[in-house]
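Lettered A, B, C and D in written order, each chain numbered from 1.
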Amino acid sequence: MERRFPTVALVGRAHDPRVTDSLLALAEHLRRGGREVICETGPLAELFGGLAGAVPATVLARRADLVVAVGGDGTMLYAAQLVLGGDTPLLGINRGRLGFLTDISPPEMIARLDEVLAGQYQEDVRALLTARLERAGREPLTCDALNDVVVQKHATGRMIEFDTRIDGVYVNTHGGDGLVVATSTGSTAYALSCGGPIIHPRLDALVIAPISPHTLSDRPIVVGRHSAIEVRLLERSETRAEVTFDGNLLGELDHGDRLVLGAAERSVTLLHPHGHDFFRILRSKLHWGRSARNPDEPC
Amino acid sequence: MERRFPTVALVGRAHDPRVTDSLLALAEHLRRGGREVICETGPLAELFGGLAGAVPATVLARRADLVVAVGGDGTMLYAAQLVLGGDTPLLGINRGRLGFLTDISPPEMIARLDEVLAGQYQEDVRALLTARLERAGREPLTCDALNDVVVQKHATGRMIEFDTRIDGVYVNTHGGDGLVVATSTGSTAYALSCGGPIIHPRLDALVIAPISPHTLSDRPIVVGRHSAIEVRLLERSETRAEVTFDGNLLGELDHGDRLVLGAAERSVTLLHPHGHDFFRILRSKLHWGRSARNPDEPC
Amino acid sequence: MERRFPTVALVGRAHDPRVTDSLLALAEHLRRGGREVICETGPLAELFGGLAGAVPATVLARRADLVVAVGGDGTMLYAAQLVLGGDTPLLGINRGRLGFLTDISPPEMIARLDEVLAGQYQEDVRALLTARLERAGREPLTCDALNDVVVQKHATGRMIEFDTRIDGVYVNTHGGDGLVVATSTGSTAYALSCGGPIIHPRLDALVIAPISPHTLSDRPIVVGRHSAIEVRLLERSETRAEVTFDGNLLGELDHGDRLVLGAAERSVTLLHPHGHDFFRILRSKLHWGRSARNPDEPC
Amino acid sequence: MERRFPTVALVGRAHDPRVTDSLLALAEHLRRGGREVICETGPLAELFGGLAGAVPATVLARRADLVVAVGGDGTMLYAAQLVLGGDTPLLGINRGRLGFLTDISPPEMIARLDEVLAGQYQEDVRALLTARLERAGREPLTCDALNDVVVQKHATGRMIEFDTRIDGVYVNTHGGDGLVVATSTGSTAYALSCGGPIIHPRLDALVIAPISPHTLSDRPIVVGRHSAIEVRLLERSETRAEVTFDGNLLGELDHGDRLVLGAAERSVTLLHPHGHDFFRILRSKLHWGRSARNPDEPC
């Protein structure tokens, strides 16, 4: 069944002029086209004035047929949290540089958005990673992440030590700065800086990548997304560790706590204009193919 | 349906005394147990004398209910080529050091083999990678690999340049020593030395890892095993490239040739005694957990 | 001129029984040999009771002819801070596992110490790295480090962005978890986990290694030790960064602050029994040469 | 004493039109300025016709006061071999993309060359690596390299195994594709693709980097340039290895042969226009600083 988009929510940082210029142009264009435009209450609503209806962030996605996010991949991660648990799809527009999730550039944004609104789009369902941080005598803390869940030392200066298990089987005792567990989507974000591989978006997998590991052979492991990954701090370690998801704090990981990661039930649906090409984005972001050898490749 | 093993084929290098001692002990034990023992014609048959029937390598696996390989992972790769295309399973025994594929050690080999022969085993079906090297006006050269297919510069001293495509979509133009495409099984072999991740054996994936790439951001990519991967040399390059599979030569990759890689229809079945643990092997092979921090972990 | 050692200071963690057993045995042995034994006031002095004179940490090294540290490399870094600025040499004894700086093992410690006390030793002068953290309107914070000075993000979840200059020349703008600047001595510590090379102890060099850099080609740089390295945070970054030296906090690096690193005037003198071999320690610590290929190499 | 440049030798690939256009323009400009232009006998001499005197390659540099090379870093390596053993300096002009050694770009080449000819230049003396390949009963094969000396497996498909020694002390037994030993100059070439660090050109050091090593902790080592590095193949290995220097074949490394590497007596002098900046070249070649974060940095 084809989607229809009478109401469009706009998301972006209200303090970045590269973002607000685009947001205002989009709002005006959408209104001219007879669509309802909504946005989160707060500075963005002030910016829009009468152009957009102000709605609390918690219900924004439910009230919209499409969420358009303008900014970097950080803004997309924020928008992904808004659309979680519903069916509203997400469209990403960048600020002038291609992002892994924001593949539409400002000069073409109006034309591309119109294509999408006219039904000319590809749906791209991204699986999420779910995390549960368990502590005796407390409700578990939980989250769903589009990119990654990270365990990381909190106080600098000393490594943390922790055990990992996959589907109940002991894997390794790690020493180092921490651990990233990333979805295919997140494999090109922080996990890549930690030596992880690029995982094709259509492969239903997770990468478990140690951060600056003490043992040089402690290498990233790729497992099926439905694996249950468990992390526990060693008791003898003196340092503190924090758990973050998509860059947001979930909580502190203490001795005795258990962090369990696995496949989320919810997902996020991205829309792309036709012609979306994962490898073109990779080439652009990673400066591949920029050589005299490959003169036909646009930079 | 349970397997039965009236005929067992023994495989190993006839010139390595660590191997031949084990092979002779196994042959005697199997014969005492009333089983037929067979081996490849050649030096191994001479070694066994009357203990084993000599059979050409091409039909060895078909004539056996089980192939037992003694040696390193190289011997297992050889044995895997023997069992390809049939249903005969493969059991690996090492020479004193755990291998990724040879997880039974000499001191326990008789006991473990007896368990397996008595039906106490886990079946472990490993997917294969198939390669087709196409050249105009010639029958394509083909192979199935358990570990990997490698494109590598032939003459040292200069890098090769080549394009890759996945499912028909252009990925990148690479310069460097070459490219490894490895199965999950092969991810812990050569691909790991090229910066690839460890892929869990149950994940149906391939890793595409450039070898000493000229561009530092040219990182390994993990894709579903049913992806069609294509490699072509650039015309302007002056060097030669060879294609090998599991360490064996398939042929030369010339300008204009096309190498296509993908999921093989055939697979290889490994048998393990109960208690087989992929992560225990990883810890042992990669010297993980060998620290004062983790005193409970056996080395 | 040969050194003489009438007074020996003992250093180690008072709460680790593997350490205290060695310390007590050493104290008794030294006393039996007619030497004066001193230690830091506090729990260690209580442990020793009448065996050792208690002296404040700040003057311990000046009052001793030799400092013997028992423990891991962390204890050696602590002891190195004690001997800074004087000529008292340092001898390291491990807790059962070879360390990069503690190359004497418990079973041989008495014999090796006696050799050293008898003048049978190699002097090994290690250069230090000095850091100065400058902030307008405040006395600069300074330190000397044996291993490394680290700039690292403080709040997890977001990368820091910073500029580097070498001898006044702009090098790069980095995004990531931070930066390690290590001496040759420290090249085998944290910098190695960050992808840095091993630097031979006799090479007068520093390695500048980014930590989990956002840009994959942002690779470690090795420069002469007398280079002046400057680090400044970018103003637009929202995160906080801390500077640590040898695992100890120097202070926070704020926008507008300047961290300057370079060759220290002071050094630390290690003593080794004859036969000290840097590469043997490397092989042991990095699990090199542990293969059937190299059966003559002791593990 | 200031250099004078009445005779200029031009070097470049005669079959690359991007090179020959520059060469012809340079020759004409130099002739108009009253200088003698010479080149190697062969296709280049045919190209130049009456513009340049043809001289055998072996004496070209000795007959010139300056060698100007147009092309990539490969052409500079070739030109470096021509000037070895004399005092004639070398100036590098690229084909449109900055090279590590060819830092002058075509649009500015006439202006920059005129500055250099007028005495406005920086001298940049680059140390060389010397190699001696010894075999019993044969004259040793020797070479001097500007970038690197590489030991590499010859037949693909199998790793080679070899021992290394530094200043007579056993370092490690390596298994893998081979070993690069690079000068500071060569650290940004092949060694960088093998995981080696960037070494500042003014640091008198060598990097020893294993190529796709079997052991993951077998990491690059940086040593002083005057170290004597020895490489020997293990006898039990079945494969062949070749030694190349700056991409040229020195010879085969057989069991029993000894390859000894160390500081060359000769060096190569590069000339740069004023304003030469090693880090600017790094940033350009490695695509550093290409982010919205660093908008002031030219790409």
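The criterion applied here is as follows: a residue touches a chain if its C-beta (ideal position, glycine included) is under 8 Å from a C-beta of that chain, and two chains touch if they have at least 3 such contacts.
Remember, it's a predicted structure, so these values are computed and weren't measured experimentally.
Student: With respect to inter-chain C-beta contacts, which pair, B-C or C-D, contains the greater number?
Tutor: Here the pair linked by more C-beta pairs in contact is C-D.
Student: Based only on mean CA positions, could you tell me how far subunit A sits from subunit C in angstrom?
Tutor: The answer is 39 Å.
Student: How big is the gap, in whole Å, between where the Cα atoms of subunit B centre and where those of subunit C centre?
Tutor: 44
Student: Between subunit C and subunit D, what's the gap in Å when you average each chain's C-alpha atoms?
Tutor: 37
Student: Send over the residues of subunit D in touch with two or more other chains.
Tutor: Within subunit D, residues 192, 216-217, 219, 286-287, 291 contact more than one other chain.
Student: So with touch defined the way it is at the top, what topology do the chains form here? Options are line, ring, star, complete, other.
Tutor: Contact map by chain: complete.
Student: So in the complex, which bits of subunit C are touching subunit A?
Tutor: For subunit C paired with subunit A, touching residues are 150, 152, 154, 156-158, 176-177, 190, 192-194, 211-214, 216-217, 242, 244, 247-249, 286-287.
Student: In their complex, what parts of subunit D are in touch with subunit C?
Tutor: 161, 166, 169-173, 175, 187, 192, 195-200, 202-203, 205, 207, 209, 215, 217-224, 227, 234, 236, 277, 279, 282-283, 286-289, 291, 293-294, 297
Student: Touching subunit A in the complex: which residues of subunit D?
Tutor: 95-97, 216-217, 219, 287, 290-292
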